[in-house]
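Take a look at the structure below.
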Amino acid sequence: MDWTRHLLIVPILLPLITGAALLLIDELRHTLKAFLSIASGVLLLVTAIALMRLADGVVDGGGALSSSYALANWPAPFAIVLVLDRLSALMLALVSTLAVAALVFSTARWDRAGPHFHTLFQFMLMGLGGAFLTGDLFNLFVFFEVTLAASYGLLLHGSGAFRVRAGLHYIAINLAASLLFLIGVSLIYGTAGTLNMADLAVRLPGLSAEDRALLHTGAAILGIAFLVKAGMWPLCFWLPSAYMAAAAPVAAIFVVLTKVGTYVLLRLSLLLFAPEAGATAGFGGTVLLWGGMATILFATSGVLSSQALGRLAGFSVLISSGTLLAAVGIGNTAVVSGALFYLVSSSLSVAAFFLLIELVERTREPAADVLSVTMEAYGDETDEREEHEDQEVGVTVPGALAILSVSFGCVALLLAGLPPLSGFIAKFAMLTGLLNPDGLGSVAEISGRIWLLVAVVILSGLATLVAMMRSGVRIFWAPLEELVPRVVMVEVAPIVALLALCAVLAVWGGPMLSYTEAAARSLHAPSSYIQSVLGTGHPPGGAR
Amino acid sequence: MTAAILLWSVTAAQAMLVAAMGCYAYRVIRGPRAQDRVLCLDAMYVTAMLLVLTIGIRSGSAIYFEAALIIAVLGFVSSIALAKFLMRGEVIE
Amino acid sequence: MELTLAIAIGVLTGSGVWLVLRPRTYQLVIGLSLLAYAVNLFIFSMGRLRVGAAPVLGPGGAGDPAALADPVPQALVLTAIVIGFATTALLLVVLLVARGLTRNDHVDGREPN
Amino acid sequence: MELSPLLLILILPFVASLAVVLSPGASREPVTWITGLTLLACLIVTLSLYPSVSGGDALRLQIDWIPSLGLNFTLRMDGFAWIFAALVSGIGLLVVMYARYYMSADDPVRRFYLFFLAFTGSMLGVVLSGNLVLLVVFWELTSIFSFLLIGYWQQSQAARDGARMAMTVTGMGGLALLGGVLIVGHIVGSYDLDDALRSGNLIRSHSLYVPALLLILLGTLTKSAQFPFHFWLPNAMAAPTPVSAFLHSATMVKAGVFLMARLWPVLSGTPEWFMILGIAGMTSFVLGAYLAMFQNDLKGLLAYSTISHLGLITLLLSLGSPLAAGAAIFHMLNHATFKASLFMAAGIIDHETGTRDMRRISGLFRYMPITGTLAMVACAAMAGVPLLNGFLSKEMFFAEAVETHADSWLDTAAPYAAVLGSALAVTYSLRLIHSIFLGTPPESFPREPHEPPFWMRFPVMFLVVACLVVGIMPAQTIGPFLHVAVSSVLGGAAPEYSLALWHGFNLPLAMSIVALVAGVLLYRVAGDYLERSERPPLFGRIQGQRIFERVMVAISWRWAHLFEGAFGTNRLQPQMRLLVAVAVAAGAVPLLASGLSFGPLGNGPTDFAFTGLWSVGMICAVAAAYQAKFHRLAALALLGGTGLVTCLTFVWLSAPDLAATQLVVEIVTTVLILLGLRWLPKRSLDVPEPGGWRPRLRRFRDLAIAVVAGLGMTAISYAVMTRTPPDSIAKFFVEKAYSEGGGLNVVNVILVDFRGFDTLGEITVLAVVALTVFALLRRFRPAPDSIERPEQQRIQRSNDEAEPDTEVGATKAEYLYVPSVIMQWMFPVVIVLAAYLFLRGHDAPGGGFAAGVAMAAGFILQYMAAGTVWVEDRLRILPVAWIGGGLLLAAFTGAASMLLGDSFLTSYFRYLELPIVGKVPLASATLFDLGVFGVVVGATVLMLIAIAHQSIRRLRAARLEEERQRWN
Amino acid sequence: MNRLLPYPLLTAALLLMWLLLTSFSTGQFLVGTAVAIGASRAMAALHPSKPRLRRWQLLPKLLGIVTLDILRSNIAVASIIIRGDRRDRVAGFVAIPLDLRDKTALAVLACIVTSTPGTAWVEYAPESGVLLLHVLDLADEAEWIAVIKNRYEALLMDIFE
Amino acid sequence: MTHAENLPAWASLLTAFLVLLGSGLTLLGAIGTLRFRRFFERVHAPTLGTSWGTGAIALASIVCFSALGSRPVVHELLIGVFMIVTTPVTLMLLARAALYRDRTEGNREAPPRSLLRRTHGG
């Protein structure tokens, strides 16, 4: 019996079971809950790495591998399938890395700021795992909803006026977007008669022109839903406040949320609207490119005009989103490969930033923080026994300030894309890919829009540098009073670990980039994906 | 022949029930007072249940019965909630 | 019948969109609920309309797929109903809490000046 | 891997900086020694490599980094790199010696040496990089560490601003450089320096040459503080003097000219190169010297002089002649020597007198004659006085200035500018000497000055001696090294030049004399004026720094704000509007492109009842939209009406499962919203509707959007409904539902079997939302206006009080007296109904979800009948456990199939033949559905009861609010 | 017995409901019994007031009377609606002092009164036992009091008390 | 509606009659809510639908399905029973709420609370 086959379900099943089991444990047993939750996160990380190796290890003729898992033993286009390829494995690894970091961080205080933190977190991981693995459009909707529902809970975790106000917007917008998702999926089903992505790719060319137009309408509406999640201008205004309002570990894992939208856009656009799809494919690409650039520009202005660090970080998320969207819009292998590297690097660094912000802000106004929390600590009798939010967290650690400031500096470099950390490698890889689509040394005409993108990407880095420097100097160099960093080890360690990972990514940029390159190549050759889902005999583009 | 009569009478019955729903809807919209709205919404539920039964008769299938049963057993829950809200300003005290 | 339903979907969508663009949180809740109806009907309509052809098989599993309504959109609508119910509840509670914290029922938590 | 000496030079400083971080204790001695010895080691290793590079070869080391992108860790040392490496480590070593005495005991020296070492390493990296991208990496690192060094005294505003400005300008330049390097890489097909150096013609003839040049020069000119980017440098003087001595003599600013020299064979020789560098260099040369004259701050003077001298180098490089390039390289070395010594001398003066303001210092010679002598010699070198190294390179400069290189006005102007700049240099050098060392000492110094310790003076002395030695016998000292450097830059084709003090009486010498005399005269005439002036008469008001700050504030703050405000919003309504509009547009584009067509099926048989039904439904919907603002209850009722019509539609159109589920959900949702309505106080009608045309226009626009969205949905749904259905996956489900899924109700089989995975996710959503609601409500604090009992209850209470024969609460008890009996008796009925719906689901409409909601409705009914306290006295529902248990049951049922080797969620069913009872169907999907049931019951009850509980908590909230009022 | 079957009559009724809903087969009988027992035990958890049916054989009689009365009232109200709102019809409230005290019996009375078109249960004061009824066509107040008290209350008291 | 042809004539006609009766009564009730001027009159109108309206249509269903399946199908009885049991609850609560509102608003037509004190009879 081939047990590795079942590895594909683990990223969904493990957090589900953990989350559900945590519900049955008494709320007072924090340590046990945290331990189980982190253990699940670590196991998830191990699984994700195993999946990455699995996806990278066995290579079929096309140089790309994907394997599928048909749920409930039904044959493929009818059953819901999970599909593993390098991209999904990479996303899983990223998610679980951030999850472990955020979970460890949360044990300092956030996991007790409200009930069922760990359960919500696990369910969010489940949703993300499902969204990355599923090969079925409607199932994707379901896992999007799982992710979103958990994100609502996590965003509101800890309550408070600002959080609730931001949460209201976040929820309202995402509910509307979910409705668009449903419209899109059902329209696709209504015209093509299937929900399976691979099957859809096979059926598409056989559709009549009128049906295809309707299906494209569905796809476009679907795309809007993803763009809301990915945070493309002008659908992104909810994002900075929401991310700023979220508790630090929550914001850290939220960083991946925008990436889910990008992931799906990348996956679907290359699977369904591969270059041969004609006009519509080009149109989608154009929208992504220009929208991405507009997002970068808007977010850049946001980064510059942000006074609060949380807001700045929120706009950084948008910059990274815009960059990814534009890269997806360009769509060639080299750029996508760089973009995937960028995705990982920027996620790690923004997550580290969100975690760091909490410590920095606490350093700055130790009293105000406590005050704002106690003001909200209204509730019934059960509140007092488990919610120690008003407790002072952490102790004064010698050298903590140095660690915080060095971390801040690293984050600044990462976000601005300055050397020597992975942020630079990521941008460089993308820019090189933009200018040399077929590899260094090949002759290629560079269009104006690409130059524009190069300029926008570089300028956004500069703006980030200016903004980060402004904040960093204000915080670390010009303190109004003596800085008293009160932190605990479990808070500092995840930040340092994430940043160290960025450094490792920079040093081992070569292997990592060859992985992303292989991932990008297989995305551009959907036949392997289709075959792994439907079996052989389904040539891409061939009607049955 | 009798089949036609049945068909026509069921169709007519459905039309009448829909008309009844229209009347109730008018009251729900126009009120004038909240109690009128609640009363007529409740009546709409009942009428809807009757409509479900006629659809069942028309299709000759018993599978629509559950819907009717749910209205009969649970339909009053929301009406009670509305009525209680009117009386006490609070549904559960 | 198709036309009736299509118009109904349009009217529900229009009413919902109108409400979703309004400033009060309660309008938002009602608007999203209306939109949810519209979308559920839309999904449902993607399976085409059939009268008296519920996808329930006869005894022994008898049933001609062509003679029965498409069960897939129905299953999708069921999931959508559940999720819609959950999110309506959530939105409602969030607006209550927001109302409590901001003392205001504007969607932005403060009256525009 | 063998540790290459090249690698060693590069990593030693970084390793040492780590050692500095980890060194124990706060003592300054160990870290100073670590730093000094490291630099010494770098210097020795560098010097030892001379034989390998003196032959004109380059040492190379390549470690693969990201080969696919052409980015490798390539180190490359030729003569030019060698001489720079030696310069950097040598002057670094001297500066460390100096800093040992300069830095005060209060300064956190560990941080200083940490940054210093890292900076040195980065600078060595720039010098030794054999890959252009790697060079950019180290380039940016020098910016970063110089930022940290300049801002070392972070408590000072000037240090913070200076550091920020330096970082902003050079960081911007670095990014431009990256852009330029990317283009060069695109043209050459490689980022390798050797490849680039070989491709000069290719690059210069490429259409992208100009952008590449512009970007690269943007990088180098900012780094070298050349006009118009010169303004950051004077502000960087807020750094500790050892930093200035290092950064502004041998390193930071030199990186720019270093790179221009490095790429000279590739980029130079074109009119663009000539014009850009010529203008920048000439302007910097003259303007820097001019502004230097007026500086009252000693370090300020040196800073502007640095700008001026680097302008000279840039100008030389611009000329495009090999001889000029050689002169440029020579001047780089000379400038490093005398400027480093001068900075250190300035530091000594500052250290000893406590001020750097030249107006407050004079006659210092008598207090510190040795230092004074050294400084005066270095000044003379700076002024280009014969017998000193500065004179030699200046002579070469004059010689090149008079040559015609690219017939243009620049060429014509060059000799005059050269003389003018040199004369001004003489003036400011004289001013420095005169103002500080000569004249009568003031009444009092902030501190009584005296000679510094020997080892603090030693670096200055060493460098001044070097100036002298090179100045007197250039050919015998610097000559061979310079030759190696120049020829490595020029690619073996080193020009013939003679390094000698005396070339005979020629034009350059005449120019030198003119400049010297003019400079002295100028000082005689204007010396006093310079000493008194606050700011230069010309250009004094145009301060690059202030302009820069203005621009930065405008762009990075004000404009950014405006931009963000103009293209973004924090309000929900515009966001929603945009979302709808964008979605409508996105949906319309494909249809507009190829036209919307309706299918052949057309509008099926018209059923008037159905049409009538939807007339009711639509009217309800529109009315709900209309009423939602002021009449919440009416809107809710109307919403219920629409929902009811939707349910009926499902019944009508063959979807009994949907109808059943929608009905129960409808009922529970109504209760839910009503529970919430209690906390939304009445909307006061007296808030005036905003009048005027703008709100009306806004409403009209919203209406238009709503109408368009509605029309769009109508159009696409009608288009699909009238089409012949595609060959869909549904067929499979219908065929296999009974034979392989074991159920007659295809929809239910899809839910629990074919697509059970969706259902698993769906119940998770429900669970998550319920937990969220629960969590949120635990912190719920009602608005003050809804803390009170509802109006009805207050009235009823007061009535109860007023009535003679009733107690308080009688009304409440009485009005439910009879109804509650019925409500309670319905409880078991609801349970049976739920069980019925659940068990029937697989074969007929129903299933876990509908059953769960029905069950929950049963519980709610009891809460309504008798109140929270009463029910919870009798029933312990534990909804969270229901949720957790349900999820686990569903998950484990699914996982169980994995034990049998099947996929997750595979279901099994068989008929069991039991005595008496007969055939009993057993399906594992039922267990799964039971999990669904559990989650649904738990989640629904949890949500509703959590809201209901607020009414009990109300009292507590009221008390807290009262307390709050008292405190405020 | 009491612990397992706290409300035998209820259990039986629920079982009957189950069998009506499904089918009268052995299997369903077993399942129905289980469900009915479970449901009635859940009911027991609420500790409702336990009605005692003293003479349940009178129930069919009650049912018959009520069915006929409702039919008659249907016709009466329908004709009122058809004829329109005439001046000579007087609608109004009637206060009826009841002797019936059993809550369940009162609930049954409420069902009867309310299900009968033309009469509406408006208010009941438990301590005085007075019922306020609204009558659509209130020709004779005393007659209504008599009808309620003699036709229904007496019978209900026979059955329940 | 092909199944109708399998119905015996008596069943068809009976079903048709009952269905028309029930829906007619229901419609009349609905019209009543439009016609009556006061709330307490309108309360009576929907009961036409909940009593014999429901009864007739449920009976129609019973007749139809019993005749179709040639065996008694009586589960519609449950609908009638639950209708009779549950409708009063809403109406009682509503009427009470309306009465209370009338009283607090000082509506003269509202019967005073004093009516409920036991003044006569016993």
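Here the chain labels run A, B, C, D, E and F in written order, and each chain numbers its own residues starting at 1.
Please note the rule applied: a contact is a pair of C-beta atoms (placed from the backbone, for glycine too) under 8 Å apart; a residue touches a chain by one contact, two chains touch by 3 or more.
Everything quoted here is computed from the prediction, not taken from an experiment.
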Both-way neighbours, i.e. chains that touch subunit C and touch subunit B: D
Intersection of the contact lists for subunit B and subunit F: D
Chain separated most widely from subunit E, comparing mean CA positions: D
Per-chain Cα centre nearest the global Cα centre, belonging to chain: A
Of D-E and C-D, whichever chain pair has more C-beta contact pairs: C-D
Whole-Å separation of chain centres (CA-atom averages), subunit C against subunit F: 30
CA centroid of subunit A to CA centroid of subunit F, Å: 57
Centre-of-Cα separation between subunit F and subunit D, whole angstrom: 69
For subunit A paired with subunit B, centre-to-centre distance based on mean C-alpha positions, whole Å: 48
Residues of subunit B whose C-beta touches two or more other chains: 14, 17, 19, 21-22, 38, 58-60, 63-64, 69, 73, 75, 80, 84, 86-87
Residue list for subunit F, restricted to those that touch at least two other chains: 1, 29, 31, 43, 45, 50, 75, 78, 82, 85-89, 91-93, 96-97, 100, 117
Where subunit E touches two or more other chains, by residue: 17, 21, 110-111, 121, 123, 125
All chain pairs that touch each other: A-C, A-D, B-C, B-D, B-F, C-D, D-E, D-F, E-F
For the subunit B and subunit C complex, residues of the former touching the latter: 58-61, 63-64
Parts of subunit C lying in touch with subunit B, wherever the complex brings them together: 51-52, 54, 56
Of all residues in subunit A, those that touch subunit C in their complex: 138, 142, 145, 149, 152, 156, 159-161, 164-165, 167-169, 171-172, 175-176, 178-179, 182-183, 185-187, 189-190, 195
Residue numbers on subunit D that touch subunit F, as the complex places them: 792, 795-796, 799, 803, 805, 811, 815-816, 818-819, 822-823, 825-826, 829
Subunit B-facing residues of subunit F, complex: 1-5, 7, 9, 12-13, 15-17, 19-20, 22-24, 26-27, 29-31, 33-34, 39, 42-43, 45-46, 49-50, 53-54, 57-58, 60-61, 64-65, 68, 73, 75-76, 78-79, 82-83, 86-87, 89-91, 93-94, 96-98, 100-101
